[in-house]
């Protein structure tokens, strides 16, 4: 008989974005005395267990009741607290209208931070893989939407959203994430960054897809194509100036996101480019289908959002640019 | 600042309401004003929900006229009591009681639902800070009030949160999430009032979605329950007082009311429950029934 | 004392899209024996009062409980009924995750029909004016999204969605709508239509904005600009072939919708054009702000989605096209 | 087709379960199988929720082994009874009982959570039609079951809808919307079962969000309430039978269970409530505790 072994909790170790978020939040507690964290019985999965351990009196438990939690965050903000709502992306969607009215419309200084977005959720399967959250939250007037790319950026973004005055929706991630940025990395809400130079095509990505876009750029380089890679952690407000510059300098864009191709980053880029300086765009993401169970990397391959598919999209975009010239 | 200290401030700020010997008469006057003003505003707007505004006039008048430590000078005071109109569609009554207590101008509050007016068809906190939060989507105001009560407790503020719900509103699951949460967190600084007028948009609760046994529901969710006549000012006041001394549990007043109260052709008539357009004659008749003088009626309707 | 006069119910008369929907649904009941209509205590506002009167036994009352109603529609469909969920757009958003899982993911043959979208809601004010519903529902994989333009098209679309097998979200409208189409009008899911010819610019609109786009075309014609107007009642799947053709033939596009400029029709058009044949696009809609109380036409003017603003956007788009040439 | 006629069909189709003289022993066997199979599947998947799968084994075994008119040949029969696992994360137990009753292959059901397998981490009706609906988001399955019960009544089908909920799940407001709705519509063809294991993801219900007095809540929402020992097969069976004869009201069985039941190191240990990864040794120990022979264990773990 096992000696009451503790189970290995899945993914709470490693440098996942949710862990980076949970640790950053814990470290920031001292700087933000009004900060409180709201949980709906998933603290073990959102990274918030770190915060609970360090500051149990500042973790408010709402039970499995996301609607009440999100609207109550509006009330907490109204009386001067700085509430950070945490949960799984998919289940926070059930408080969509609460986020709209009691946070967005009331313009509360409350933050919603969602773990478990996209295929990155893995084996829990299609029901739990939120592929529409960025689109939904982006459409709420005045809602800032952020999806950082690695643990370093997640920690910086966590501080930035606490310093920012207004409603924010931020995605973290479930699976261990590759570290992309050094300690000197800078994160500013509303700013994208060129993380690899190139002038043949621009790959614009957010979240886990930034690492894949960088890999795609390597693949393209082997074929003599110099791809620029833009890390776009703020999906709203989108960095339209940077996108315009990329459209001008490379004339072809590929977007990559762990999200439906409709309504998310790709859509934000298409809007900005359509408005500023049109150019051919290819969209890498879920092709309007739900996910399924599997490991995140397998799923990314299966649903064609890995580096080779981004590279193929880049080649198509370049062809299209040439055809227009 | 202690609540006692605040009470004194209050007496300074609004001596006419809080220090008179006959507080009940003052509140009755406020309730009468609220009904007339709400009807006039809905008439002028050519849309709005009269039934649920009329049913809660005494409740609002008791809260604003005596129970709450909340008055125009304290709108930015973090230690003020909070009131949330979760049944936001009844805002003509909220705007009226606010006007009566000088949170806003009586005349401006008649600009209900008009472009450019801060008196929107549902309360919006960015237009009118004293409404505390934006409502209109049933269920949410209650959760917001729970968040306020939680936040005030965490900050060791002794202020209280009050929230008025419709009975139809209680069909929203969010209400029961919030109820369970408030009991779990022992929010004895939270007081909910249910405007139990037995009607909702289309028909009676009974026909749409049965709520009874209603007091049992609240008790089973861990609340201290009081039942009151929602048009009896003395009973409301004393029960609010009792509720305020309940420890470790939130309390709810199930206030039995009459939808459309005060306007005979609206009372109990399902057609007047939702958003309606009043003719000039209907508005005048309603105001007459509410005891307004011909002069007042002219002012309210055309002024 | 008034003789117990009945109140004049607001907007239940006139040719609003909700009335057209309610009447069409009533007439279709005989053809669709499994059809049931779900209501959450707003039948008087959604047009469904007609159906209730004619077929009381087929109107299922859920009380003010949208989450349960939407998920229960999935259950009704599962046992062979043809459920049509009705409600106000804004309040149906609170069942967003239910629509995602129990209708979208389970791929149920259930329809969601939302009245009271956008500024068209009027005096109820900002809290009730859904400006994000198209974006949110469009992002749900496999969800068809429709927004008809006039009473005739609404009636045709009502039949079409009942004949179509799969999840649908359809917007109607609250205020009296101008009749645009004749009795020979054709509606096909997924197809847009050129409703006015022109080759200088294309105005793509849905819902109440189609009438305004037609007015804008008149204004432009006065200045010698021939605008093509496309009625695009299906926002998803978008008619990319038609958009590509318009991009080719007019080289400049304006989108117009009673919705946030982010995520809705404009976004769907920008995606399609970015993917097929890029051209300058201007977006007419709510500029990421909430609405407020007022009459629909006043609000449209205030928030700049009326004909003159569409016309101005068209001129900008044409200038941009010329600048590119 | 009448229910009696279907019962006969059933006996034809699955004589080994429904006609044996010792139905309780059969069900106990099915429950044992369910636990072992669920543990093996979670081990192989390297993730999954064992606690809540183990607590509901007898409940599922009673439903599938005796109560429901539902078997592989009736998966497309519109008159079949419906079962919805609203606490979708317990699906390893559902897949196991399904495999036991030949809705699917035992071997394939061990492919839990793997790419290409229809046995996803939460039930998906488009992958496995016999799971009736897709669940995973707590609260929704209950509403779907309400919709099914409503739809079956409207079509005058005499079939019943069964739905299994977690206790933590009851914190979702949607559950109370559905409860109110089912009572209002007098859905006596609906039977809910609460797997009352007193634990949820992170800790006890008591610590996270108090549910007591739970029976009072259901009663106040208009349900006929039965409390049973959720591991006592005779009691579950007879109570399901009683529930089926309740008229005009839906009924709920509050089934008192032990989370992790059958695996001593999991029973009552909060760490095993959520999604976990089992080591080979832990899986083998668990299977031993569940009475599997060394050979069976080898098969289940490596086969």
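Going in written order, the chains are labelled A, B, C and D, and every chain counts its residues from 1.
Keep this in mind: a contact is a pair of C-beta atoms (placed from the backbone, for glycine too) under 8 Å apart; a residue touches a chain by one contact, two chains touch by 3 or more.
Since we're looking at a predicted model, the values are computed, not measured.
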Greatest separation from chain A - chain, by CA centre: B
Distance between the centres, which are taken as Cα means, of chain C and chain B, whole angstrom: 35
Where chain A and chain C are represented by their mean Cα positions, the distance between them in whole Å: 29
Length of the line joining the C-alpha centres of chain C and chain D, rounded to whole Å: 41
Sequence positions of chain A contacting 2 or more other chains: 62-63, 65, 67-68, 90-91, 94, 97-98, 101, 105, 126-127
Touching two or more other chains - residues of chain B: 124, 134-137, 139, 171-174, 177, 180-181, 184, 209
Chain contact topology (line, ring, star, complete or other): complete
Touch list for chain C against partner chain B, complex: 1-10, 41-45, 61-65, 67-68, 90-91, 94, 122-128, 292-295, 298-299, 302
Chain C partner contacts - residues on chain D that touch it in the complex: 78, 82, 124-126, 132-137, 139-140, 143-152, 154-155, 157, 161, 173-174, 177-178, 180-181, 184-185
In the complex, chain B residues that touch chain D: 139, 171-177, 180-181, 183-184, 209-211, 213, 216-217, 219-222
Contact footprint of chain C on chain B as seen in their complex: 45-48, 88, 112-117, 119-122, 124, 127, 134-138, 168-169, 171-174, 200-202, 207-209, 264-265, 269, 271-272, 274-279, 281-282, 285-286, 288-289
Residue numbers on chain C that touch chain D, as the complex places them: 36, 60-63, 65, 67-68, 70-81, 83, 97-98, 101-102, 105-107
